[in-house]
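In the two assemblies presented below, subunit A is common to both, partnered first by subunit B and then by subunit C.
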Partner chain A sequence: MPDPLMYALDAVAYAGIFGMLSLSLNLEYGYTNLANFGKVAFFMVGAYVAAVMARMKYPFAVYALVASLVAGFIGLLTSLPALRLREDFLAITMIALGEVMKLIVKNEEWLAGGVWGLSGIPPAVVVQGLSFRERLLVQIALIYGCLVACYVVCELIAKSPYGRVLKTIREDELLAAAYGKNVFRYKACTFALGSAVSGLAGALFAQYIGTVSPYMFEPTVTFSVWMMVILGGPANNTGAVLGAFLVEGFHRSSRLLKDYIGLPLDPINLQVMLTALLVITVVFYRPQGMLKERITPLDRGLLKKLKPMYRRVKTWVRS
Partner chain B sequence: MALIIYFFLFSPYRWWMVINWLQVLMNSLVWGCMYLLATVGLSLTYGLSRFPNFAHAEYITFGAYMAYMFFSILGLDLYLSVGLAVLSSALLGGLSYILLFKPLKSRGASLIHLMVASIGLGLLIRHTLMQVFGGGILSFKMIWSCIFIGPVVTTPLLLTAIVTAFIVAILLHILLMKTKLGKAIRATADNPELAAASGIDMDRVSLFTWLLGAALAGFSGVFLAMRSSLVPLLGWKVLLQAFAITLLGGIGSFYGTLAASFILSLSENLGVVALTWLGLSADYRSAVAFIVLVSTLIVKPEGLISTVKRRA
Partner chain C sequence: MGSILNTDNLVKRFGGLTAVDKVTLNVEEESIVGLIGPNGSGKTTLFNVLTGVYRPDAGKIFFRRERIDGLQPHQVYIKGLVRTFQTPKIIQKMTVLDNVMLAVRNPGESLLAALFRRRRWMGFENRLRERALEILRFLGLDKHAYTPASELSGGQMKLLEIARALISEPKMMLLDEPTAGVNPVLAYTIFDRVEELRKRFGITFFIIEHRIELLMKYVDKVYVMHQGKLIAEGGPNDVMNNPDVVKVYLGSV
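Entry: the complex of A and B
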């Protein structure tokens, strides 16, 4: 007898983990216009580092930190060649990186368990004498603690002068460079930070599921995260989290639909087909997402001041 | 270091004698031809429409599945079913341009939105195919006799692939260099505004390129599937190589793609030799493509063709 409450709580936990991925992508794509189509690679790196270290009985705080550092470092290293070029080069490199990372994990059995993956990862918080439901609640508390921390960090970045530089880079790289900002360094830092957050999400995922295998990290995961950000609204952190909940709810309900209505379709196929159709529709009719980017009064004042200067810089550059 | 090189060359285990180098060259030739067919369309549409079409991989898969449907399920003649598969693949490419990418571009969608839409389209096609044909491994159930040319082993299928790729390359050369349409394609890829101002019908040129590219991709899919087996990830598995070739050859340049296909396939096959020598899994052959891709971005982001003097 399946427990509907457990199913709902599981969905909530998943939405929390994917909310972190969505926040990190929002930082990269929404604020800085970096096309990271290899989100799943960093998620996977985080999950595997966490899995290996958790099996060696390290505490959660240590392996979560190491997982995010390793993911951030890989993100920094692999994005460097493409960051100076157009967005599409980064997108291609990152898609390729996702495949190569999966290849490494599949082939290095001594490290990552090969195609069978690693199992028996202990949960981060072990409290004796709890029922299955209560343990799930503890997990949710941990995941949402991390989610809130990430949300606060992203929101602080977005509101800070640093975030305004990122938005300027998104709108016009030339302008940011003309104001003496090192565009390349800002992009690289943002990419590393986004990858580190994905690594943390991966660590949470690994200890929540208790097992990792290469087949959990298909490119469709990246696509789901993109869907969350685009649906929720790029450059809006609340929108990114909202998008994570909506997409996760959508996935779950499409699976339930299959069970209760009995469509003659495979649930995974149905889910991916519907998601793809939905994302194409959103890109077509509402590319700004559900929640629009908020423009703060400070931004508005700055915009008013900057516009004439911007025009002058542009004419100066053109001449 | 000198010691390592000494042992590498003069150790009693003469590893370079064990390897059949002619076979390695032959494999590179075969794979280069397959890559050429698979990649030309991607490179041309990338140059013309100015965004990487990630759904290109699914045109490859779609062509293979259509050939399977016509040949194995409907029981048509082999050549007829391959022709129909190529046609339906071209139709898919043309439809995806007319129904999705052209309207998106005219709405002023950003580069990233176009890429996201193309990934979405790719997933839609792939999972529709999985729904219709099942996610398992299918096979054309053909047995190829081996042909021995000296020390080299090959099959009639691979020889056909080589001949086809050469014919296609010559036809493409004639199309791009000798006809008015080819001139229009090159002009549009070079400078869209100037081409439009010169009275080139951009819609017609773009549509033709998308049809052509998807048709060739479907053709390569048929060869890839007949060579081994038919799986839903058939196209996705060569997408990484296709992008490495596109960037190495220079986006939108046919001759660059031609050269880069053979460079990549040769380096992949040499990479496999090196991998077996190092005792690593031969699965890492796609990592060679990744290395080529990243080093292209570092050393020469504009691709090979800028080194060759462009003819007017």
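Entry: the complex of A and C
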């Protein structure tokens, strides 16, 4: 049994990375009703781009940016034909895309190490003389910095006229089109942005783990992210992050079970069953997820809450 | 005054069914024109073709002397031709106010502006909100501005549809059964508002309506549609005395 604190910190780091994936899927599915079942593909692209560039000693800021741009660009390219499909066909196409991209990486050895993947990826921040635990804390700081940035971006979008257009498209595409919105352009743009965020998550993942291989990017990754969004509450960014914590925490704790309870059954199977149970319970009793979508007008958003607080602080400082 | 909307032998087929059959019509600027006909005669389909939801199989559409057939719905909207829907398309997970405001093209609807230039569109948004509130007041919905749209009654949803169509200051509005499911008093109010809008802002109206007596009190001209074809046109009295029209309506009862 590993050091429990390290195990917990590792879970926190993972939850942060998956929180970004969850936010990106929330943007696509929760706000725009784009059933992107190919999430893992863009995560993988980001991870591989980062792996290659990090091994060439590029700084993190550069390869993280390139990884998001490449993932975003591929997202845009795939969205152009895929978005012309109906919702359910889009889902199927995207699952297939994820598998195809994984197979390409796996079989084209010259591209990125084939089945062996790439290893020896240096971490983004290297500080000499840190203990393993301290290095983990540095990683967490980096990951959560990126998570907060993504959260802010998603919140700004949700609380803007742009977000209002996305919601309109989600609820009724015909209405959006009849009222002057170029539905296709908005969808493509959202898809590209969601993919770029996934690419960034992939870059963080690659430098955190230190190695990438095709086996890390199975469709189960996509399904985990879906679970996070469904459990947390679609169209609620806080919910998306909360969902990431929930699912990751649940995965980890159910994995721990096997060390404490002698079970007659494979813990992995148990984990799958428990996860299914969790999803069914939440969807049954709380179909809107843990955190509901809020119906607030734009002018009652974050800013309105912060302004009086700011004023109070100002008067308090003056007196 | 010239014509604002006219079509030339417009055809729309669904498989073997010709839902709109060689429709040629002409709507004068600043007029109120009615469109009546039995259920399934193709009225809504005609609106869908006019607004770019369906591409016509044949024929031409001119709006303010410009060809608009083949344009996408959002492009037709930008030209100033706006429509409402027979079953109100209300976004339940938004407030009534946002349901209205979403109709206006807003500088904050670009991704970059949403992220980086919030000050720029917030001013616009504030002015837009005032205008939306004014329109809601005009239609008697201002008390509900901040409630979720799902809490509105059927009649109020119809009013909300009109509010949304109004806010972009269109040249012409296509109303698909604006009084369906609305109580008689409110139905008259709606038509009074239509007339007022025509007078004050010069908006042209083309209205599908099943309440014929009500419609006839307000329109300058009526078209009658039957099995995809226009079978009569003219002033309210001419049309109501037209034997073809009488036959269609008696036949369908």
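Structural remarks
Everything that follows uses one rule, which is that the second predicted complex is superposed on the first by the 288 of 319 C-alpha atoms of A that agree within 3 Å, B and C clash if a C-alpha of one lies under 4 Å from a C-alpha of the other, contacts with A are read in each partner's own complex, and residues count from 1 in each chain.
Operating definition for what follows: contacts are C-beta pairs under 8 Å (C-beta built on N, C-alpha and C of every residue); 3 or more make two chains touch, one makes a residue touch a chain.
Quick caveat: nothing in here was measured; it's all calculated off a predicted structure.
In the superposed pair of complexes, A:T93 makes contact with subunit B only, with no contact to subunit C. Touch criterion met: A:A177 reaches subunit C, while subunit B stays clear of it. When the two structures are aligned on the shared chain, A:I230 is found in touch with subunit B, with no touch to subunit C.
Of the two partner chains, neither subunit B nor subunit C is touched by A:Y144.
In the superposition on chain A, A:V165 makes contact with subunit C only, while subunit B stays out of contact range. Between subunit B and subunit C, it is B that contacts the larger number of residues in subunit A.
By the touch criterion defined above, A:I280 reaches subunit B but does not reach subunit C. By the document's definition of touching, of the two partners only subunit B reaches A:L85; subunit C does not.
On subunit A, the surface touched by subunit B in one complex and the surface touched by subunit C in the other have no residue in common.
Residues 51-52, 54, 100, 103-104, 107, 109-113, 115-117, 119-121, 123-124, 127-128, 130-131, 135, 236, 239-240, 243-244, 247, 280-281, 283-284, 286-287, 289-290, 293-294, 297-298, 301 of subunit B are the ones touching subunit A in the complex.
Remark: subunit C residues 51, 53, 72-74, 77-78, 82-83, 85, 89, 91-95, 97-98, 101-103, 105-111, 113-115, 118, 121, 125-126, 129, 146, 148, 164, 168 touch subunit A in the complex. Of all residues in subunit A, those touching subunit C in their complex are 153, 156-157, 160-165, 167-168, 171-172, 174-175, 177-183, 189, 193, 235, 293, 295-299. Across the complex, subunit A meets subunit B through its residues 29, 33, 35, 37, 78, 81-82, 85-89, 91-93, 95-97, 99-100, 103-104, 106-107, 219-220, 223, 226, 230, 265-266, 268-270, 272-273, 275-277, 279-280, 283-284, 287.
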